[in-house]
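Two complexes, one shared chain (chain A), two partners (chain B, chain C).
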Partner chain A sequence: MARFSDEIIEHFTHPKNVGELPEPDADASVADPVCGDQVHLTVRVGDGRICEARFLAHGCAAALGTASIVTAWIVGMGPEDLARVDEATVTQRVGGLAPGQSHCARLAVEVLHALADDLRTPQGSE
Partner chain B sequence: MHLQTTYEHRKGVNDVTCPPPQRGRERGPALYFDNNATTPLLPSVRAAMSEAMETFGNPSSVHFCGEAAAALIDHARAFVAVLLACDPEQVVFNSGGSEGASSVIVGTGLYHLRDGGHFITSAVEHPAVLRACEFVRELGFELSVLPVDGAGRVDPGTLQTVLRPDTRLVSIMHANNETGAFQPLYALSRVAREAGVPFHCDAVQTAGKERIGLAEGFVTISGHKFHGPKGVGALVVRTDAPLQKLIFGGEQEHDRRAGTENLLGIVGLGAAAGAARARLEDPNEQFRRKSIGDRLRAGLSSIHGAVVNSPTEGCLPETVNVSFEGLRGDTIVDVLSARGVAVSSGSACHSAHPDPSHVLLAMGLPADRALGAVRFSSSCLTRRDEVDEVVEITEQTVRQLYATWRSVGTA
Partner chain C sequence: MICELDSASRLPDADRREATARLVTRLFAYHYECNSFYRRLCEEAGVDPRTVTTIRGLAAIPLLPVGLFKQSNAHLLLSRPLDEVELEIRSTGTSGVPSVARRDTKTTTAVALALMAQYREFFSVSGGAGLFLCPSPAENPEMGLAKVFNLFCGLLDRSHYALHGYSIREDEAVEFLVHEQGNRLRHVFGPPFLVNRLLDYLVKSGSELKLDEDSLVVTLGGWKRYTGATIDERKFREKAARRLGIAQANIRDMYGLIESDMLAIECEHHHKHVPPWCHVSVRDLGNPSREVPDGVRGVIAVLSGLNTSYPAFILTEDVGIRSEGECECGRRGQMVSFSRRLKGAEVGCCAVNIEREIDAAHARASRAPGEPSPLSLHRASPAR
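Entry: the complex of A and B
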């Protein structure tokens, strides 16, 4: 298979939602200890659902593309939706990942689950 | 047969030989800056090979068909000999750089298998040399891997101290494929010669670009690095040092390498050697070559976060190895590729685990900087406007990548 799907190429050449939201309602950061890839998400929530998301990422092109895709995809999701996301869903959503890029899906799942946990945590309890 | 000895103009070569990527390309024709990996065929080389397709005889056959094929090989051998300043009978055609290195290193090891002994190489060699040296170590030989300084160079004094009475071979490259750094070749080979030890020079990156006039020893070259075809190269043997040949059968190549010759490849190599010789003798081309290299280096080094790893002096002008602080080289390569720019990274992300370049680590660079390295390599076909465009696209790409990660700032 090709090393990158068309969608991943589009997102790592024209990343969407780059940056950090000021005073976000929730945020999450994860890192892959093996390859060093890192993703940081910040989101704003309205009526229990994500209405805006931003990402910062450091790593391979597939990881950057995946992070960008995820920020567009999760708008409209609530914490329970995020908690149900698995690697297969992410892989399908990004148009497929080549061998050696599966860590990108794993990283996305980890950051979304961490975000779900943060959203479920009552404010002021941290 | 007509073999052109002049080089062609650079008109439209990328349009012809490197079709733009099917996906992700955003602008203009493809920009090929990975000439240390391989180079496009010159039109004169292509023409010579096309013409040679009419000649199908086996060069070993005694009849007229064989004679015609043998004449083509003799012709090509003469061009390679002129390029490398050696006698034609000292040229052994083979399949390229890896075979050249193995035939010298492993061939020396097999010849001395019963006596054992010692080999010397450097820490920044191409894997073709390093892996062959590791193989002879597995055969029971001792191996010394010489360190390099911050510019990637071996100290001849260090070589002097490591040489032993039973040293069988010293193998050190002419210029590094990742950084372009020249070794002090003549000083190193003199040290070996004075100790009576055969010297092997991997000249794969310099053949066709620089004059190579080693008076003694072995020289390895590869055709596709200087606009010849892939799968063909040559080993120059300017020594009486014994080698065990690795391929058995007929007595082709002065009984040094058996097998029916790669006629088309050899004709292409000869044509490329002729064109390269003309470039070496053309002062305008030599000026142009340095001017392009200087422009590429200056443009890339002006990009925010750039640190050039190639030495300022004593470096192939065609090679600029540059790290971008805090970024990963493999990521830059992938994004540039999607934008129609072909470059390479010394590191590789295998199974999600990036490995920094052994060359840059040997030079003492921190792993992070080595992981951020990208190699841009031009050729005699590279135009000034292409240099400007590749610098501009790289600058945009680096700025974009910095923006996606806060720890590096927002340049």
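Entry: the complex of A and C
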């Protein structure tokens, strides 16, 4: 397969939702301890569902492209939907990942699950 | 030039400058044409490839601050589409934010051949056994330092990595070198602080280890530790020579950064030679747009004549001195010496991070069971 899927190429070259939401309803950060890739998500929620998401990411092109894809994908999801996301679904959603890029799906799953946890945590309990 | 580095490094000054200028100006025109982000930088600076034709003119080429390679919008730096990118290599300093250099096939080939040519020219290695005191690419496939060292493996007959999951096994390292004694010419590769750990281990354990007359100790990764302490280069050489029984001339350091494509390798007289496909310009500490004369300390800028992926005309965060002329080793050309990191810049690169991870791993291993970890590997600080 090609090193990068068309979806990754598009989102790396024209990233969507880059940045940080001010005063977000929830946020999550993860980092891959081996390669150093980092993803930070902030979201705003309305009626229990994500209505806006932004990302900041550092690392390989596949990680950056995946983070951009994820921010568009999760709009409309609630915490239970986020918690159900697995690596296979992410891999399919980004158009496939080449060998050596599977950590990007793992990172996406970790950040979405962390985001779900943060959304489930009652405000002011931390 | 790459395949005839030996003669290219001994060209008369005028010929070498002309060849370097030709390579760099050709790529300057190329990136100006292919890269709209970079062209805008050039237009803002009022620099046009038609006006840059000589080695003196290279100082006018707009530079990319190395920090741009850490940013989320690093796609802007590319002069080629992502589907032509073959290799992503990275360096990660104390902030943990990786700096990523993306190379297309043409650049990957050119840089690999260039490094191999330099290893052959400076070290004449074509066999022997190599002890690597650094992560293997199997564990860290995109780490620039691991990649650069690992190219030596293709020249050696046997290689051994004594760092596993950020845990250094000095006993294993010594065992390997002892086992290879009399079998193969033995060499040691690694960042200075890890070689230094091996030397300290030899002292503490009372091990008597003498390498061979032509053994090399090759270091890369800088002399400043993540703690801020510095390893004194001269004292390190004296110590390594004494402990390993080799001449100081065989203890060589290299300087480079992944974004620049340049590896400046020390000759036996401990001068770091800039390869003729790169041009080093040293800039005023207060005004990086101004070049300072040879011998004056300033910010190191490196202009590559190899990179078609992005404009590898890099303003580093390193402070150093450039000189030019004939070295005692017979090579002619630019030489560069690194002095320190720029004030405010994060400390170091891969090597600094390796040491920090080793200490963290050691601290984790030493903690009592059940004791909470002060570190979290999976929850990073927000990526900013």
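Definition applied: the second predicted complex is superposed on the first by the 126 of 126 C-alpha atoms of A that agree within 3 Å, B and C clash if a C-alpha of one lies under 4 Å from a C-alpha of the other, contacts with A are read in each partner's own complex, and residues count from 1 in each chain.
Assume contacts are C-beta pairs under 8 Å (C-beta built on N, C-alpha and C of every residue); 3 or more make two chains touch, one makes a residue touch a chain.
In this text, all values refer to a predicted model and were calculated from it rather than measured experimentally.
> Chain B versus chain C on the shared chain A, clash or fit?
Result for chain B and chain C: clash.
> Identify the partner contact of A:Glu110: answer first if only chain B is touched, second if only chain C is, both if each is, neither if none is.
second
> Once the shared chain is lined up, is A:Phe12 touching chain B (first), chain C (second), both, or neither of them?
both
> For A:Ser102 in the superposed arrangement: first (chain B), second (chain C), both or neither?
The first partner, chain B, only.
> May I ask you to decide whether A:Val34 touches chain B, chain C, both, or neither, giving the answer as first, second, both or neither?
A:Val34: touches chain B and chain C.
> Does chain B (first) or chain C (second) touch A:Pro22, or do both, or does neither?
Neither partner.
> Check the residue A:Leu64 against both partner chains and state whether it touches chain B (first), chain C (second), both, or neither.
After superposition on chain A, A:Leu64 lies in contact with both partners, chain B and chain C.
> Figure out whether A:Gly46 sits in contact with chain B (first) or chain C (second), or with both, or with neither.
neither
> Look at A:Phe4 in the shared chain and tell me whether it touches chain B only, chain C only, both, or neither; answer first, second, both or neither.
both
> State the stretch of chain C that overlaps chain B in the combined model; pick it from 135-143, 225-233 or 369-377.
Of the stretches 135-143, 225-233 or 369-377 of chain C, only 135-143 runs into chain B after superposition.
> Taking the contacts chain A makes with chain B in one complex and with chain C in the other, which residues are shared?
2-4, 9, 12-13, 15, 18, 20, 34-38, 40, 56-61, 64, 100
> Which positions of chain C touch chain A when the two form their complex?
70-75, 81-83, 85-86, 88, 90, 92, 96-98, 100, 102, 139-142, 377-384
> Which residues of chain B touch chain A in their complex?
The touching residues are 23-24, 26, 326, 328, 330-331, 334-335, 338-339, 349-354, 400-401, 403-407.
> Chain B touches which residues of chain A in the complex?
Per the touch definition, chain A meets chain B at residues 2-4, 6, 9-10, 12-13, 15, 18-20, 32, 34-38, 40, 55-61, 64, 99-103.
> In the complex of these two chains, what residues of chain A are touching chain C?
2-4, 8-9, 12-13, 15, 18, 20, 27, 29-31, 33-40, 56-61, 64, 100, 110, 114
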